[in-house]
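Per-chain numbering from 1; labels A, B, C, D and E assigned in written order.
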């Protein structure tokens, strides 16, 4: 089970054939909302879980559903909106300023409103800026990233998106990235293995092989070399992250 | 029992917005069904009583359009109503109106196809009479719709079932905006994606209860004049 | 040209000629009994006359108008019972609605027709519950309710008991004396003698005879008619 | 025209997996429709010809269940087939089998309700004959299904339309796994969420074409013995 | 107890007593003509006898069995035309399928019945296209095809021409002489005289008379019967 953002970006279509070639193991991805993914895993209907909300992942392990968590990669969130940028978000210096500019301008903002990793991050950003988003301009849509982007495109609204989904999104119309590149916007993905004691039917061995492959030099290199429209989408950050970061994910590519 | 707890908490404390959601669901789906029925009933009767070249093809196409996926209808309406689209100026995208339009499109072929079959056997027995008196089309439509109201009710309820149960079209053209375009099914989909499966199921149960209410009312209405319908020797 | 006239009318179906060609004409006031064995084509002929089916060749007219353009001035009783799933009264009402008779005329004509056919006390019952004979009376009520100029009837007394048949004939005789034209199919010779001015005899799809009723029953011209009458 | 380019590129180069997806869609939805029809046709006929206390309630409930949302059915079947659920040991979650089960549940009440109305008028005219000969139930079912095959075909096609067009149930119990449980509608939903609206629409067009094919075939089949069906005087 | 017996049978509907109470019994070989005016309750009585409707009170039996448990040994011709949307042959075949006659018997009995009713050359045509008289012949074909012990018929010759009626009566006379019991409704007095052993006369829901046919037509006991016969 996995979140949708990784699937929408096309990462799995690129990565998994390589994995299958190396190990002969076929991976079946069920891409759903973060909450649903965790729920599927808690029911024992998956062998491994890949999401991007650290607190939920830690709780999952603490409650005994999972055994280990592996850092795999990260990317970042960006604020997209209409090119004309009525709120002047692109002029702001930091993320707090950007959020305030949107709130003060009265321009529409589309919130995922679905308790997903992205939604939780967005809420955290408002909170850190000490703002309370409320009003007709703040649209809580309760849907996936793609739906949020489709709505933003149709109505000329702002929204927070992960870079992967944004880059591979096909209905950008008048939208573009208006704000990016701050540490608060980093978005780490982790792989959690399920507890075989609790779920005896789980294919632990295959899941371990996947974790090992993803964190191996070859797996990490593959993640780093995945590109959409010549842009790198994910930065590998498994244990030896210092080293890899330098090699595959120069800080400036994300944190301009 | 946990389901009931979930429902109750949804009804009351944690999420007090159930009633507007239910109301909007009913408003959108009943409006769409009504609109589709107003168009499809006369068309269906005319299709049932006419013979023309290409009639078989029309019937086949109509029944094939029962397979129109809600997402596709949603997309089409989205593209029409999007600011970049031909009807973008009306600004009705992401409003209940847009949702009604999309569901009407979805429901029309269902009521149409089923109406044709609902009135065909009755028309077979009434036809000599209509023909002998050269009855006006309006009277024919009225007579067939009324006297076949049992099967026609089911046709309309099949359309209503499709409308109230679908999520693909309303989420695209409505956007599932909290307090504005959120309906039962989009809420169910949302809670599902949050992993709140029990809550989602509980909402599903509420939806079925509501559907049951609508069905019961229509089933009662169609019993008007039942003794003429059921009189048999 | 006034009255009904048929010009080389024929009817084909399933690759066979089932009727005709028939040429004949009939005065607007002459009543016509159509007789002949089962399957001869009597019902087809009557349906053609009213424009219920279209001739495969030839043409028909009622005082110059096509059958389909003059339906409201006629009424038709089918051989089969054809009733709507409604009350007895609403079955009669349908005919008036179809012809466009509204207001007090509508109510009056409905009640008159029900009374003449002795169905008034059954008026609110579902028509589907009527007995065979009662249903046939309802068909007559519906037919006379619109005050048609011509009354076309396909074996209208087949299910009636002897007394009801007499009643029925009395009503028809009244209508006839008030200028209504009767064109009907019957296997009942005595009935034809009592009510018909002319008799058309059909055999195997051909109208072999169209003669005044008195002549027909005494000395039919054609061999099939002679056989039919056991003469 | 861009739609055709999109379709073509989807068919050929960039995504060569269209045919397996189409095949799986047809496999799942036709199987579910067939299964549901095999159950619903006899039940529907029996419901149409029987009179018992509570029959009206059964009919109302059946037609209300036409409003069963796919997502809810998906959830129910998911919870049954989940490892944590009662049937978890079969390990059929996220397989085509699970999808067929979910769609069968979805389609059954539709075919059932429509079958009742499809055979009711015919039964009204055949009933005296059945009764006079005390005809066995099997013969009655056979006779009514065959002689009412026009309306029954539409009932089945309405069920098929629901199955092939729905996404909510199959995505939950199938998981939209590439190469294993990905069908037309889940692909359309995925492409929509990726913002590839034209491609999604193009796939919708393909789906409708396929539905048209299925409808055309059934419409041709039901014409067998048409001259007896249409014979009228 | 052999033969048909009715014990205080009555039938109510729509809050009215439409028939009975009727008590009578009939020898297994005696043929019975049921007569009476339209709406008297003839069809209801015949339907009760065959178990098509259930009595509101009282009970019936055929040699001790309830009507519903002995249907396969009888056949029934309805007053209305009730045909399946199939070929003429398949309409006959249905009766054999319902009764459970299979194999060569099935084919033989179908073809025999079609031949006796002169429908062989129409066998493959849709039954819906038949004329009124032809449809009535088909009803007879379907009824005799299962070789019933008793034949219940509701005005079976109402749409037949005089010659076809004779044919029909000839078939019935044959069956009767071979031991088939005939119970039928007719408005045709001559027919009743020719074929009936007993006559039951119904008026307004009451069986006022059950007498040997010869007695009935000469000197009916009841006043209504006298009126009906114009005596």
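Things to note:
Keep this in mind: contacts are C-beta pairs under 8 Å (C-beta built on N, C-alpha and C of every residue); 3 or more make two chains touch, one makes a residue touch a chain.
Nothing here was measured: the structure is a model prediction, and the numbers come from that model.
Excluding subunit B leaves the other chains joined by touching in one piece.
The greatest number of inter-chain C-beta pairs in contact is found between B-D. Relative to subunit B, the most remote chain by averaged C-alpha coordinates is E. When each chain is reduced to the average of its Cα atoms, C sits farthest from subunit D. Centroids of subunit B and subunit E (each the mean of its C-alpha atoms) stand 50 Å apart. Subunit A and subunit D have Cα centroids lying 37 Å from one another. In subunit E, 43, 129 are the positions where the chain touches two or more neighbouring chains simultaneously.
Counting only residues that touch two or more partner chains, subunit A has 32, 144, 147, 150, 153. In subunit D, the residues that reach two or more other chains under the touch definition are 192, 197, 232-233.
Subunit D contributes residues 125-126, 128-136, 139, 143, 147, 225, 227-229, 231-233 to its touches with subunit E in the complex. Only residues 56, 59-61, 63-72, 75-76, 78-79, 110, 113-114, 116-118, 120-122, 124, 127, 150-151, 154, 157-158, 160-162, 164-168, 172, 184-185, 188-189, 192, 197, 200-201, 204, 207-208, 211-212, 214-216, 219, 232 of subunit B touch subunit D when the two sit together in their complex. Contact residues on subunit B toward subunit A in their complex (touch as defined above): 78, 82-84, 93-94, 171-172, 175-178, 180, 182, 186-187, 189-190, 192-197.
Interface of subunit E with subunit C (complex): residues 13-14, 36-39, 43, 79-81, 125, 129, 131-134, 137, 154-155, 158-164, 187, 228. Contact residues of subunit E toward subunit D in the complex are 50, 52, 68, 71-72, 75-76, 78, 82, 84-87, 94-95, 97-100, 126-129.
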